[in-house]
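Consider the two complexes below, in which chain A is the common component and chain B and chain C are the respective partners.
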Partner chain A sequence: MRSEWIKYAATGAIILLALVFPLLGVKSYYLHVAILGLLHAILALGLNLIAGYTGQLSLAQAAFFGIGSYVSALLMLNVKMSFWLAAPIGACAAALVGILFGLPTLRLKGPYFVISTLGFGEIIRLVFLNWESVTRGPNGLTGIPAPDDVALGFVTLTFDTKTGAYYLVLVTLLAVLALYYNLVYSRIGRALRAIHSDQIAAEVMGINLTFYKVFAFALSAFLSGLAGALYAGYIRFISPDTFTIGEAVNILIMMVLGGMGTIAGPIIGAVSITYLLETMRVFADYRLIIYGLLMFFIILYMPQGLVGVLAMAKDFLAARFPLPISRGTDEPPGQKGAAPVKGEI
Partner chain B sequence: MLLECAGLTMRFGGLTAVDAVDLKLEKGQIMGLIGPNGSGKTTFFNMVSGIYKPTAGEVRLSGRNIAGRRPDYVASCGIARTFQNIRLFSGMTVWENVMIGRHCRMRQSILDDILGTARKQAEEKAAQEYLTGLLTLFKMQHMLHEQAKNLPYGKQRELEIIRAMASEPELLLLDEPAAGMNPQETAELIEFIRKLRDMGVTILVVEHDMKLVMNTCDRIAVLNNGRKIAEGSPREIQTNEAVIKAYLGKKVKEGA
Partner chain C sequence: MLQEFIQQIVNGLVLGSTYTLIALGLTMIYGILGIVNWAHGELYMLGAFAGLYLAVVLKLPFIVALLGAMIILAVCGMLLERLVFRPLRQAPELNMIIGTLGISIFLMNTAIVLFSPNPLSFPTEYSNEYLSFLGIAITMQRLLVFFITVVLIALLNYLIKYTELGKAMRACEQNPDAARLMGIDINRISLVTCAIGAALAAAAGVLVGPIFLVSPQMGLLAIAKVFAVVILGGMGNVEGAIWSAFILGLAESLTAGFFSSDYKDIITFFILIAVLIFRPQGLFGNNVIEKV
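Entry: the complex of A and B
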């Protein structure tokens, strides 16, 4: 594609900016907002797997976020486990719960799955709230330790500062993205999109519906749980108030606004919505009204989300500024030649 | 015997849509399955491909009973099909459609896919080579990046057949491939099916268009009210009393 170079240039520039962001002398508060934005990017990418690609909307993502947080925090507090072990265990615990919950419910057709995730999310929140002997109920868990220092021979990385936490979350997000990209442009990604498009046809092509749906759901729970563990290690205090249906709706709006079924979309949506929620009182107070209007507007005028708008801008720019050496318009068939969704960047 | 159906029966409540049908199909054969509307042809396909669980009876593929197994299992055993109402992945490209069609022939593991291992690359490359050949053979290689829903109607029907062929099936089930086609498109489809025959594919085709059936099929089976009322060569079927009665007794929408 002629316009691809803009995509690569923009991606490179954004990654570079993200890498030097803490070094630009930004106020500590904005670093905090950036950390929350990146964490939400992981959450929105997780939801995107099951909802954007597979077409099964889930409102349980805040619950998996909470499971990852609580499990890792409890392991660190009660058995003095290191964050580096507790975090993957927390993420795996969320994935396991996702499998157990998904196995029966993902077989449901129509709107029943999303309804069951709504109930599930509320049940998990009530468990955090009422299982006081373990979760300390509404008071939440305090005094969660920061991730241990990592000695790399000549330098020691510390994570009890905002800068340290920022880089930890950023590097995790980049690693997730590399694997996410592989997955989306592979047999698995094609199978998930086929299920989204037509379940019966997908099944007749040899795609095991239950397996792939549960797999996507478990992976989305894993990513949410991973974000939860990172959150606990950064914020050092967790309570049931964070893991509500309201948070699940936040994650949903981030994915939809950015562009579902794309890789860049959930990240763009997560960073922008987090920024608005954290910095604008009005936005936070009238959140639900604004979400309602946003949904209305997006569905009517920009079903591809912000990514769709960016893709149009990209094509516009590419038409104005073609590269002198064009790579030709037709790529050989292959995973990259077959761009999954129109407007993906 | 590649396909052997014995006593295959499907009941929906009080209605017996397919009633104890026996059918045998040899490797390399093209068999037509015809019958008036509502005679149970699609239901028969749905049982063979695993979408419906038969009420009774057996479906044997090279001797192995697959009746009542899930569609994805049946697909991996080597049965591919198309649908009476086109079911392409409409928002996806031609290339993605055929790649998904090859899903059950690709052997990489989930980890291979996520980590992007050499094994994944090799599997993707092998699929690419096979599918490029297939698409070239059926003259669709210049449309790879076209979205399926943007193809002309006749091409959509052909793409559905190519997608089914992507898995190199032992048996191909075509449900009314010529439905909705104009005479020119039908003529092209006949050429298309002849090419498949030359490739040695075994085909069971449901079709109302008698020109297509008579020009492509080695044998024909006739269903009426869920029962098989005749089977034989195209010539035998054309003169069969019971068949003529079944068709003339009802109003038929086209062909015949």
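Entry: the complex of A and C
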């Protein structure tokens, strides 16, 4: 189908552009902004899994981001563990904390979960700040090593440059996307969306609510923790100032503006907002005023965010300018969706 | 030892009064409109700035400034109901939370631009008057916070229990559809509820602004604690909110006084999470929480 084809072509073009981006001779500063944008895309995708798909808003994502950062950084500094082992352990630690915290709190319906994540995020930040013997308190951890070189026989990959870090984050994001895509359109993804629409109805249909909600939360914590480990390996300095409620709100704004409950939305939101945050520091004060208002109006009139706007623009253009090749390939009117579906019960 | 203990009790009562006044509005709005108002801390912050302006710039007496700020914020509360809550009432719960959170970000950052992010001091005629008692000196301002809070709680209690308006509010809380059938104008009740809630939050801001400092971020810091209070008391439960506000206020100040002030914020959230795990309907709640 034509629209599918356009979608694949556009996705391919964007991935290609992302792959050659550092080779275009961009200034190192813009490469830095791009790395931060991709890291935030992983964070926003993590939040989207629990909020956009499952309908349980979490303000603890910055805390999981921090747990991933601190655990992997401490392993690298104190045990001299390699980044390649420390990063997955950091992400798993975040997921484990997510399970322990989610098990009691995700059982409650209503606003309780989101409020407890707010409290939890504050507790974790205060632990980073006050457990000075381990986290070095407000001074943070310095001298975190870059990921070790990887020898592939004919070529050695290094990660202590911006280009190396960019590719590491990009490849991670692509892997996350592959996983995400398969998850969202699987049985699990359908269960999560069913929980979002109506928890009681989902439970009646035989969906184990606690299991799926905790699963989604743990996976979202894992993704945030992974982003944290990558962040620690790239910036090489972490402090409690990064992992605040403000950061959790930033991630939320990225997801909402890009489009909740979509795959492309959080990435679009994260990359564009990180770019605006970094480059428009002149408007720093007014920025959040605008984002706050946008969040309200988008949630009220356009819950699918920028992705929804793009979809509307596409439909509008398709209605005004039908391409000749599309005739005959589309289904005849009235038959839409009536074709028998094979294989799916 | 005893002196310090009494000092911390007084601090706890001041904190508890603040939390009570903010929590009352939050829990009433949840009970009657069904909306978790994340922007409620911002009403407290705007109230403090309104009071600061009236008392310091216009040089009005403190009590007049307090009443003035409450009236200004009551109008803000009504605007909030009309422009934000009413459009959001039909939306799914997740969207309500994100919507009011957006308004909270908007209000806080507008205040940062208008008033600068730096904390301002708010001197009043009661700041330097002391009352000596058992060898400890307590500022009049702290006593005033507690007494005005008690007066406001008494007034609210009278309003809810003994007036026609209060009866209508309780009816809307119990069953909005039945209330509408009895001829109660739900929109009017919502407006009044938001006006009262905002005025109480403003009173909290004006009362403690002189003790702590006034800054655009004070709302964000307060709202997390107040949510803990509201959950501890049972969402929508006015009486429970009052008791749990004082329990948390005292727990916080005693922790700060006898252990370390590093842990005073942690203790609140620990209590919150413990309550959510073991007694999610709140300490005083008898309304059953939907557990799914």
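Operating definition for what follows: the second predicted complex is superposed on the first by the 306 of 345 C-alpha atoms of A that agree within 3 Å, B and C clash if a C-alpha of one lies under 4 Å from a C-alpha of the other, contacts with A are read in each partner's own complex, and residues count from 1 in each chain.
To be clear about the criterion, a contact is a pair of C-beta atoms (placed from the backbone, for glycine too) under 8 Å apart; a residue touches a chain by one contact, two chains touch by 3 or more.
Every value quoted in this text rests on a predicted model; they were computed, and no experiment measured them.
Trainee: Looking at A:152, would you say it contacts chain B, chain C, both, or neither? Reply first, second, both or neither.
Mentor: Touch partners of A:152: none, neither chain B nor chain C.
Trainee: A:179 in the overlay: touching chain B, chain C, both, or neither? Say first, second, both or neither.
Mentor: A:179 sits against chain B, while chain C stays out of touch.
Trainee: Where does A:190 make contact in the superposed view: on chain B (first), on chain C (second), on both, or on neither?
Mentor: It touches chain B, and chain C stays clear.
Trainee: Under the stated touch criterion, name the partner, chain B or chain C, that contacts more residues in chain A.
Mentor: Between chain B and chain C, C touches the greater number of residues in chain A.
Trainee: Just checking: does A:252 make contact with chain B only, chain C only, both, or neither of them? Give me first, second, both or neither.
Mentor: Second partner only, chain C.
Trainee: Pick one for A:215: touches chain B only (first), chain C only (second), both, or neither.
Mentor: The answer is first: A:215 touches chain B but not chain C.
Trainee: Just chain B (first), just chain C (second), both, or neither: which does A:200 touch?
Mentor: So A:200 meets both chain B and chain C here.
Trainee: State whether A:292 touches chain B only (first), chain C only (second), both chains, or neither.
Mentor: second
Trainee: Identify the residues of chain A that lie in both the chain B contact region and the chain C contact region.
Mentor: Of chain A, residues 200, 203, 209 contact chain B in one complex and chain C in the other.
Trainee: Which bits of chain A are touching chain B when the two form their complex?
Mentor: Contact set of chain A toward chain B: 179, 182-183, 186-188, 190-191, 193-194, 197-198, 200-209, 215, 330, 332-335, 337-342.
Trainee: In the complex of these two chains, what residues of chain C are touching chain A?
Mentor: Within the complex, chain C contacts chain A at residues 30, 36, 84, 87-88, 91-95, 97-99, 101-110, 112-113, 220, 224, 227-228, 231, 235, 262-263, 265-266, 268-270, 272-273, 276-277, 280, 289-292.
Trainee: Taking the touch rule as given, give the residues of chain A at its contact with chain C in the complex, in rising order.
Mentor: Chain A reaches chain C through residues 51, 55-57, 101, 104-105, 107-112, 114-116, 118-120, 122-123, 126-127, 129-130, 199-200, 203, 209, 245, 249, 252-253, 256, 285-286, 288-289, 291-296, 299-300, 303.
Trainee: Within the complex, which stretch of chain B touches chain A?
Mentor: Contact set of chain B toward chain A: 49-51, 70-72, 75-76, 80-81, 83, 87-93, 95-96, 99-101, 103-104, 106, 108, 110, 113-116, 120, 123-124, 128, 131-132, 144-145, 147, 163, 167.
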